[in-house]
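For clarity, chains are labelled A, B and C in written order, and residue numbers in each chain start from 1.
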Amino acid sequence: MRRRILYGSIVMGIIVLLFCGDVWASDAVVPTVTPRDGLDLSSLAACLVFLIPAGLTMIAVGASEEGRATTVAAMGLVGIALGVIVYALVGFGFQFGGLGLISNLQGAEELVSEWSPVDRIWGPGWGIIGLDGFLLLSDAPSMELLSLFLYQGALAATAVCIPLLALARRLKIFALLGMALFFAVLIYPICGNWVWGGGWLSQLGANLGLGHGFVDFAGSGTIHAVSGFLTLAAILAFGARLGRTEEVTKPPTVHFPLLALLGTFLLLLGWFGLAAGNPLLTNNVSSVQILLNVLLAACGGILVSTLYIWFATGGPDLLMVTRGTVAALVAVSASCAFVAPWAALVIGGVAGLLLPLTIYLLEVRLRLDDPTAAVAMHGISGLWGLLALGIFADGGSGRGWNGMGAREYLDIARQGVSGLLVRSGFQPDWPQQFYAQIVGIVGLLILALGLSWLAFRGLDALRSVVAGFKAATTQVADGDHS
Amino acid sequence: MRRRILYGSIVMGIIVLLFCGDVWASDAVVPTVTPRDGLDLSSLAACLVFLIPAGLTMIAVGASEEGRATTVAAMGLVGIALGVIVYALVGFGFQFGGLGLISNLQGAEELVSEWSPVDRIWGPGWGIIGLDGFLLLSDAPSMELLSLFLYQGALAATAVCIPLLALARRLKIFALLGMALFFAVLIYPICGNWVWGGGWLSQLGANLGLGHGFVDFAGSGTIHAVSGFLTLAAILAFGARLGRTEEVTKPPTVHFPLLALLGTFLLLLGWFGLAAGNPLLTNNVSSVQILLNVLLAACGGILVSTLYIWFATGGPDLLMVTRGTVAALVAVSASCAFVAPWAALVIGGVAGLLLPLTIYLLEVRLRLDDPTAAVAMHGISGLWGLLALGIFADGGSGRGWNGMGAREYLDIARQGVSGLLVRSGFQPDWPQQFYAQIVGIVGLLILALGLSWLAFRGLDALRSVVAGFKAATTQVADGDHS
Amino acid sequence: MRRRILYGSIVMGIIVLLFCGDVWASDAVVPTVTPRDGLDLSSLAACLVFLIPAGLTMIAVGASEEGRATTVAAMGLVGIALGVIVYALVGFGFQFGGLGLISNLQGAEELVSEWSPVDRIWGPGWGIIGLDGFLLLSDAPSMELLSLFLYQGALAATAVCIPLLALARRLKIFALLGMALFFAVLIYPICGNWVWGGGWLSQLGANLGLGHGFVDFAGSGTIHAVSGFLTLAAILAFGARLGRTEEVTKPPTVHFPLLALLGTFLLLLGWFGLAAGNPLLTNNVSSVQILLNVLLAACGGILVSTLYIWFATGGPDLLMVTRGTVAALVAVSASCAFVAPWAALVIGGVAGLLLPLTIYLLEVRLRLDDPTAAVAMHGISGLWGLLALGIFADGGSGRGWNGMGAREYLDIARQGVSGLLVRSGFQPDWPQQFYAQIVGIVGLLILALGLSWLAFRGLDALRSVVAGFKAATTQVADGDHS
């Protein structure tokens, strides 16, 4: 009882002390905090883009069997972290080292190092990789450049997440991280350089007369097709070894499709940020139209994949519908700034139909073990999106894209990126733009599928040699860390 | 071993090739990509609005029994897709075909077709339905109009989702889609025209002297009450048939209330976008005040419904609390731009109390089978919100709303939408504004409850005739596709 | 059959009626709805901040055992509601009653009441608590002030949620709400006043020459350390009584870590809003840099905590990784506007390493029962973040912070908040800034740990007396309402 009285006294004392002073009201202090300015909309939209790897993680987690789910979830987080950090250290430099050559973005004027294997007498624009702007972390770059980094870092994180989520629990942790590093350090930034950093694919128009060069507005190819086919390369390269352990004889049971639903909603919001927040967006495309196209493509993908699955199986397969939605978003990314709304609807619908067919083909016919459907959802859909741009781009937007025709194009004033089905008053750019898309696809596939497969086989061979050597000396195999 | 050496050689060769060229650094290329402008805040806020159907889907999924959850989830996605696409094709035209008559929005000047059953000598503003701006997809509309479409498309998607979520697994898939189409094509756009498109409800002030006409800022009535009572009509019209199959004798067990919690968080964010992103917002309401009112109403709803449920059952019923939050958000939508923060708190609190009482009344007393509580959460709460505006609107905002009193109102300069409890210095507009709200409620209910009930009964009758005819000829009933 | 014919007739009649009038197209009506302006980016960012309590709730729910999860979830919602409402009624006044003395924010000029226990001859800036701006709800404040309230209300909601989530199901409902009220009414606003409202901690630089005074940009200390140590005080004060009921003998099993993953994604988005949306941000810090620092710290926290846990346990502990991410975000909050990106990465990484060590220390060594890890995740991480600012602040940002050195600082033009490792060209402010941080930590801990512990012990004693008295008279103990 005495302790209680003690406590009470102390509390009362403090309260009394607090209310016995003078209220100090003055107007003599110089105001020092002023209202802020400076938060720009593009940065906020870039923040939304991080919902894309988040949503992909939720979808992958929802599609995992129960025991695998937490590992997949952790890999999603690790993928974001790895993607951003590696991109800050080297990726940004490889991708945008020559940005100053093609853009007058504030602060980019010092990034003028683009390596090219051919001499300049072949013409400018055969750049392969940027070689400046590394260790962005240590400089004091302009705000515009930081904003670009924030946005592109989210894209890199997305790209790195896709194979990590697909291959989690199939490779040992170090092989997995090695694969992710290889992709994040080398493959993704080079692809990004080719398409968005002033590399040779973006200059196909100027150099070879192929339309506006390879056009991929928001990463159908550069992010998704590349990630999807890198995943395919890894499955092909490491697959045999996995088959031997007989872990993958039957497809995993779906654990929790409702998380995939949730992931889809996050993804849609992230895609709005992706499509509208691009800091390299020119004045000649419209943010609202882009948002609308993204939305309509998603709607098309939802409807078509739902109807197809309903007819095929007699009920909704939630996981397939969510994947159809993602496929539609992937497909429309390349062209969302350049097509009419009806075309976006068609592109999304076709992607929503392609997806279940491709999954059937890959899983049942080709017996490819791809639990997150990365190849179908990102790879094939991405290719469709790249081709669709060559068909549906209507000429009304993207004037001056990749340096082609800032004033007029095909002798028509204000014509922009064009495919086959242009708006009335414009000239079809067929099949030049379509050819450019095909050249770009081939180029990206050589990197993402060919080079990656070689590297993975090489690594696997190296690992076997080392493991054989180790086994011969110690007879101790290191345990499965997954 | 030889293959390993081969692979290694190829990899090394490529690496050597990559690093033997010249770095190509020049400043002679004309910069062509300029920093963007043009992403406007309103569009980004409109993107957030899509979190509302997402959140409603999560809440409905969380409240479903386990076997029904994935179907409900798929219906949420389908509702969004259907709502947006139908709205793009015809709904927008029905709703805003006469927008140019009441708004100087850029690009709306060509939308001047509003159909009216009465001659113009009765005065302007007895419009029933717009008849222009269809197939928005095929035009080249202004950015402002696209922005309006993006925002209103999200509202249409929300409206369509509500009955779809409520009736999923209760109707066969085609009946369900037919019901959704009927709502999306006809009922919702007409309601929207009456309230926001210059139709007769918005002109009650000019024509009949009822305050500022029917005022519903963000859809308490136009979206939620209409959807809720359409759901009621469907339950009443199709209910008997369902009862016969004895599927609904006991209420379904709640599957996963934690998803409902998550849905509530998404919903709150979506509602911020809904309230602040309205492209038709006049200069005379304040975005920050709206956001604050939405927030305070939600807080009131949370507290009151939690306390009520705690006293009534001795513990928190998470599902009821989340629904109480939604009910509060629904209720404050109509008036969030026009009331003081304390009134928003009261409106939300009353909605949070009304909700469990209404659910008890509907489910236990009236034995209405409404698993997502659409009638209580959207219907009744929406009506309360519409009435609350007539009471709490404080006159300080919304000057010139619906064309009433752009300079002064009730002889007081700068007075806006007013109810009974106005701010000091303003004149109560009682009971005129309240009457306007009641007339609006009656009008919307005739459409949403009366006309829908008739249509559903008609369809049901038609279906019975056809089914009877079919049965008589083939004796084969088509299976349950749900 | 006759009823069917009746229904059909009515439907047809209505349709005929609807389509027999004249289309009314005119251009004679005065447009009254004009496009809006006024939604500002800061308010939208403030809306995102509400994802922080949402994310914390999801993480706490994911970490709960199954039976406790819905109560925890409901407490998260209640925490948001209580935090916002109490903040509106009294907290804002206590925190920002003297805002006009230090800021020229529009509308703050009337908030000039700051109570100080010492006379002004000791110098200005020994303020303890604000005494103006209560009942914000009833005034007609400026938009800037409402925007500040919206943002700070989200912070108050976050702070109140933390102990509520930690102590849900451990205290009876009224003790829990009482604790939350005590925190929301008194402790949190006073801490906020000291740091952000012009109180004595913010004036340490002017009064005692300690650097820029206590600097806590986005609440490492003011929100998180304070909440964490208040939770510790409650655990210590009420712990014994709980131990007696033997409910907490073993740690609860984790229920659903995937929800924690989801919470982390929401949290990251919320933290972007927190860091960039501050309405009191001066012109001298950069929003993009802040966003980037927040992102990099989160990445550092993810990587380090994942690697540590992987090495320690041989697999990813998803809950630990999500908590490591939160700890990193907490730690970087104080300094995100003032450090270089590499430093943010280091701060986050250290926080990600500290977290599992602290949890081990607290749970296993000290046998503290803290199911949500609030003490480690918010308390210890927050302290690390405050200290880190004294080390890593690079001098390049925050010129004129807390009224120190608007033109030059330490004789160097444009130098801002500085620690030990400043950018080249600036002067280290060591150890003055570090001392300021330590003084601030001591001050906040006295309030959050000391005063709270006293109050909780006092309340507990009071409760025992009352309960003993009641028991003696009625022999009826009130049941457990939780």
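Definition applied: a residue touches a chain if its C-beta (ideal position, glycine included) is under 8 Å from a C-beta of that chain, and two chains touch if they have at least 3 such contacts.
What you see is a predicted model; the values in this text were computed from it and never measured.
Per the C-alpha superposition, chain B sits rotated 120 degrees relative to chain C, a value rounded to a multiple of 5.
Shared residue numbers account for under half of those found at the interface formed by chain A and chain B, and the copies are therefore classed as meeting with different residues.
Centre-to-centre separation of chain A and chain B, using mean CA positions: 31 Å.
Shared interface positions of chain A, defined as residues touching 2 or more other chains, are 41, 44, 262.
The part of chain C that touches chain A in the complex is made up of residues 41-42, 44-45, 48, 98, 100-106, 112-120, 124-129, 131, 144, 257-258, 261-262, 264-265, 268-269, 272-273, 276-283, 286-289, 291-292, 295-296, 298-300, 302-303, 306, 310, 314-316, 318, 321-322, 325, 340-342, 345, 396, 400-403, 406, 423, 451, 454-455, 457-458, 461-462, 464-465.
Per the touch definition, chain A reaches chain C in the complex via residues 3-4, 7-8, 10-11, 14, 17-18, 20-41, 43-44, 46-48, 50-51, 54, 57-58, 61, 69-71, 73-78, 80-82, 84-85, 88, 136-138, 140, 143, 146-147, 149-150, 153, 173, 256, 259, 262, 266, 479, 481-482.
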